Amino acid sequence: MDFAYDARTEELRDALLAFMDECVYPAEAEYARQLSERADPWAVPAVVGELQREARDRGLWNFFLPGADGAGLSNLQYAPLAEITGRSPRLAPAALNCSAPDTGNMEVLSMFGTEDQREQWLRPLLDGRIRSSFAMTEPDVASSDATNIATRIERDGDQYVINGRKWWITGALNPDAKVLIVMGKTDPQAETHRQQSMILVPRDTPGLTITRGMTVFGYDDGDHGGHADLEFTDVRVPAENLIGTEGDGFAIAQARLGPGRIHHCMRSIGIAERAVEMMCRRASERVAFGEQLARQGVIRDWIAEARVRIEQLRLLVLKAAWLMDTVGNKGAHTEIQAIKIATPSTVEWILDKAIQVHGAGGLSQDTPLAEWYASIRTLRFADGPDEVHKASLARKELRAHA
Amino acid sequence: MDFAYDARTEELRDALLAFMDECVYPAEAEYARQLSERADPWAVPAVVGELQREARDRGLWNFFLPGADGAGLSNLQYAPLAEITGRSPRLAPAALNCSAPDTGNMEVLSMFGTEDQREQWLRPLLDGRIRSSFAMTEPDVASSDATNIATRIERDGDQYVINGRKWWITGALNPDAKVLIVMGKTDPQAETHRQQSMILVPRDTPGLTITRGMTVFGYDDGDHGGHADLEFTDVRVPAENLIGTEGDGFAIAQARLGPGRIHHCMRSIGIAERAVEMMCRRASERVAFGEQLARQGVIRDWIAEARVRIEQLRLLVLKAAWLMDTVGNKGAHTEIQAIKIATPSTVEWILDKAIQVHGAGGLSQDTPLAEWYASIRTLRFADGPDEVHKASLARKELRAHA
Amino acid sequence: MDFAYDARTEELRDALLAFMDECVYPAEAEYARQLSERADPWAVPAVVGELQREARDRGLWNFFLPGADGAGLSNLQYAPLAEITGRSPRLAPAALNCSAPDTGNMEVLSMFGTEDQREQWLRPLLDGRIRSSFAMTEPDVASSDATNIATRIERDGDQYVINGRKWWITGALNPDAKVLIVMGKTDPQAETHRQQSMILVPRDTPGLTITRGMTVFGYDDGDHGGHADLEFTDVRVPAENLIGTEGDGFAIAQARLGPGRIHHCMRSIGIAERAVEMMCRRASERVAFGEQLARQGVIRDWIAEARVRIEQLRLLVLKAAWLMDTVGNKGAHTEIQAIKIATPSTVEWILDKAIQVHGAGGLSQDTPLAEWYASIRTLRFADGPDEVHKASLARKELRAHA
Amino acid sequence: MDFAYDARTEELRDALLAFMDECVYPAEAEYARQLSERADPWAVPAVVGELQREARDRGLWNFFLPGADGAGLSNLQYAPLAEITGRSPRLAPAALNCSAPDTGNMEVLSMFGTEDQREQWLRPLLDGRIRSSFAMTEPDVASSDATNIATRIERDGDQYVINGRKWWITGALNPDAKVLIVMGKTDPQAETHRQQSMILVPRDTPGLTITRGMTVFGYDDGDHGGHADLEFTDVRVPAENLIGTEGDGFAIAQARLGPGRIHHCMRSIGIAERAVEMMCRRASERVAFGEQLARQGVIRDWIAEARVRIEQLRLLVLKAAWLMDTVGNKGAHTEIQAIKIATPSTVEWILDKAIQVHGAGGLSQDTPLAEWYASIRTLRFADGPDEVHKASLARKELRAHA
């Protein structure tokens, strides 16, 4: 259980921290301005492209992806870097080409894609030239229960025909999101975990309609492509768009899950750290009833609690990363569940207190705190609600002591 | 301590419940449609006007206002009615002409307005022909600390000249909000609680600029006039626009506070009740992993907790109302603080659980739950953060046992 | 819903408050001294008897019992009196002959006892000449699940023969507890709720063995007769000791429950109030790091929270009392469950904070706080764990919105 | 940050786990029996001595003490071993000669003792032949505020004369506790942190009176020497009993603190782990209303939460241990404060739930859960209340972001 940063990590941290200070934080205001002024509500502001070029020039690129396709980092090497990007969650992950859902999609294509699929989609994704979406969640099925997926993917000659509805498809409203990976059932009669397949669907394929963007609290998350409600009506794609073979969908989804969860948690810690910073700074600057907020016992209590909780959470995330590296995603299953459970409640609590210290402004566009709260709140549903993960974790614990 | 509903209350409750069933709930979908389709993002959908006419025809009007100007109800009579309107908080209070901040403004004009002020502003407000705003909060001053207000109201001949900045001015972006009551300092040298005055400022007065709308989580609350950031630059109004005399501002603000708080709390309980209903219905309908959500122990626990907490909260609000009626706002001070503290945390908790039972849809535009959460969250700042009220309540308790 | 104290209540409150000030509080130290010095660890200190005589002389007696046998108070009249006795929970309820489990037993005998039973047991209980116990809970059966009781009560000629084990039989170690009401099965073949009966068993009946006293945290509760573990081996009593007829046991237990729960809750509020008082006084007196504890924000926050929670809880208890008086125990079922759920968690929280303000001394014999905590903690199990009551309450709520 | 167990740790863990299984767990029942039957309420049961002999034979001895006097383990090596001893907290630490307060006292003598002091007191302590106490806490001074200590240690010729009152002196009622280390002021005029000194006082020195044992909840903790209230009246000891030189007291106390805190936290995690085990086992065995408790959602939720919280807490404790080893107690200050804050609240929560799953028996002598709860509860006061530590931690955080 060695969580120390090795030389490569230290080097990349230094480079990334410099990039944050020199490029990312200074760009935040410009980003907000461009967002408020753009014509297309789903377009990505130009400043993101500029940051991407700069980041790539600095060698800060595709950190998330192990192996030759990416930066070749282990999870434990990536963890502290991902945390740092979380400090500016709208800009930094995109700047480094490390944004969900592209990261998961690139992992899938890197692991399971054919030569052609890699050439056509993985290459431009790795280069940051296009974006992508992952279409799994459906409105009528608990998203934690992949076996119940209703979308059909049916073979018809040398094509597959897709019918169904997907929602909460993050990024799909972004005009740059050129392709979706769609999960559906190729064989509802097969055994439970061999019924599903994944298939690549170009965004402009006839029959694919974006009916609306879902909002989270009041945010449409238009800066990173929103969350689309999608209708698939006789959507036809070539048979070679299938990823792996028929029935591989469930296994691919499982493989995609672990890293996705841990990346979210790492970035969330970065959010929490920045929130604590903001809370401390505000408390030091603001005076009410003749006293600095920083001198109020209740606010000090929040700050101390925040520190104690973050420290514990980070260590757990590091342990999960280390386990994924050393014994694999399966061996890290309990820890991945644990961070999935612990992260949103911890970070939500901290953001709520940071908001409170900021007064009503903390709920508004004048700070990013409320927007971060909204995005962290969604984690309690991502890949199934916390309650499902807790029940599963408890069953394991009960078996261990039976 | 008699909280029983008297005959008049029972009669009005029946009439109001019928109005909700026959008119309000059915109008909710149309309201949402009109909102999404309107050209002016701050305009009020037409359906509200229709509901207002219907409500007034049914005698469901101005319940909030005691005395001859209004329906003449006591706080205890109004409480259960306000709770019912809270069940559709975007529509029902407006339909009955019982929306903040107009309610508080009408109270002020009813109590302190001159004959002319009443004629010019109170009459059309009572008739629902115009809306209004209340401009007190400032960005650089803790809003719980009225003595620090920086906005100046200076006498110049037969006019007053206003300079300053106000924000979070709810409703001011609504083009129908024809007048603002503005709090500022007429005499910074007077004793602490005699420095402030209130003055009526027509919305189209030169020098008054709406610089932007503040958002709450991502919501602009455009359906009820948003929350404006306002700049007053040499805004001139006739001297007779002053409410009361110079130096009355603080006392008027205090008089306005009590009812405002209790109305918010009453409506919040209505929100909580509807959230519990929605949570129960969703839990009964939704199946995950082959089991109705309603059969899951954790969800049952939330439902029971919600019931237990609502029951306690409602009784406390009723007690505060009863005290206001029997011993006055001052005598009810502790209880008004107590409901101000208890309400948002209770209702937030219930909304959070209701959202969780609804899955990601609970955070989206498909339910009103996230929007309600956002609006309840602001109550923890309204008239000063909870922490200020707790500190004050504790001082009183400490004195009692010294 | 009228919770106002009527004239009789006001009069009794005044008399009771005077009794507390003049007799009970001053006797607390002497009580502690006698407890620590007594020879028999289960004997009741003499000061209790003196207080009883004084209370009876003052007309402060058997308040808990409605009807001609008792003081004839309604639940709503008794509630504020019971709360006051809760402020000195070891002394005042006993002084007024209003201690559990005698109260419940007197209710049972008053409602269901034969003339002989009333003469032999109810009379001396009403006079405070003897004490009693109620033997229902069994180690191997969830005590919330009366239908599973294993103890047998078998008819043998003109006797009943009792076999089984009971535990947590409060008061039974007190040598003055001359009789037990024992619940057992007379007919395991009858329908579920007609299998049980209750029977009177004099404490010295052969075959009845007290194997030990159970402790709660470290307390043996020897000052009020402890909690006995009892073995019944062929215990024979006359057939006329049966209360009601065979099969009435379940119904009698239900009838006994409601008042028992509400009395506990009332007294618990008295405990909470006294804890707040102690917390305030200590905070005002104690200085740490040069600052009065009362000036620390965190402690003020606790005090305010305590006040807000107590106010809500008391109103809920009053409502339950009022419902029991107006629509009966059955009509008050939801509210009785609600106070059973809300009371221990609220009062535990307050006691925990009061302890914290007192420092380590708060956990010791130097304050009664830890002992009160222990006794409140047991309420989360009494008549079944909270979780059972919550599940039941949720089912009702779910049905209401189905 | 390498928390992996090295070879020596693994070896000792194996040996210790075997000792727990073969000797400690089997002895628990016998220990309870001997406790309940002993004549002297403060005597240590004989079984402890037997376990000590066995442990020493197996090389499981003085693990807590680094350097040549002890087992020479680092904090990181000791941590997992201390956790294991926490699983039987009344027996295992004593069996391995690793019980507080002897551990801290041995550290002090090992670091600061003269050759004579080491010979006379450290040697027999290291051999487990005697026990000891540490007398610092005073009733009228916040124990977190060592500078206010009132006890006087005055030089008189070749003696020191001690006057004052100490309480919560753990272990001092044990007749085997042959010596106390007493903290007092030798020079109230010196600068704040040079006023205090520590001195060795044999237990039978005239003028030293044990006035009573303090209880924690109802427990006198007589099995490990209780918590004494001590009076020092002209207690005379030779001048060479001083530890270090006059004025060293504060610095020695600081040096003693770090290890003491971390040992407590390590053992507390062992308590938590055993509580989870007991909770799981009980939930699997117990049936209520026809359903295994382990199938109830609420109980599963508790079990999952417990696991998630323990994992985080353990990692934080390991990090603190690792920091103490690598950068010293001072460098680990924040983390030591953090574990001091996090441990009791986490473990209390778990014990409360474990108790709840056990029913009323969980509060009684039939499980150790309530006793553990009481002992963990005291940690929120040990070396100052949590609130003091939180305030200090917050100040540091605020400074970091100023």
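Note that the chains take the letters A, B, C and D in the order they are written out, and that residue 1 is the start of every chain.
The definition used in the following text is that contacts are C-beta pairs under 8 Å (C-beta built on N, C-alpha and C of every residue); 3 or more make two chains touch, one makes a residue touch a chain.
Note that the structure is predicted; figures quoted are calculated from it, not measured.
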item: Reference subunit B; chain at largest CA-centroid distance; value: D
item: Chain pair showing more contacts of the two, B-D and C-D; value: C-D
item: Separation of subunit B from subunit D, taking each centre as the mean of its C-alpha atoms, in whole Å; value: 54
item: Between subunit A and subunit D, centroid-to-centroid distance (C-alpha), Å; value: 44
item: Distance between the centres, which are taken as Cα means, of subunit D and subunit C, whole angstrom; value: 37
item: For subunit D, residues contacting two or more additional chains; value: 296-301, 387, 390
item: Subunit C-facing residues of subunit B, complex; value: 1-4, 276-277, 280-281, 283-284, 294, 297, 299-301, 303-305, 307-308, 311-313, 315-316, 318-319, 334-335, 338, 341-342, 387, 389-391, 393-395, 397-398, 400-402
item: Subunit D residues within the subunit B interface of the complex; value: 296-301
item: In the complex with subunit B, residue positions of subunit A that touch it; value: 137, 139, 142-145, 168, 214-220, 286, 288-289, 296, 298-299, 355-356, 359-361, 363-366, 370-371, 373-374, 377-378, 380-381, 385-388, 390
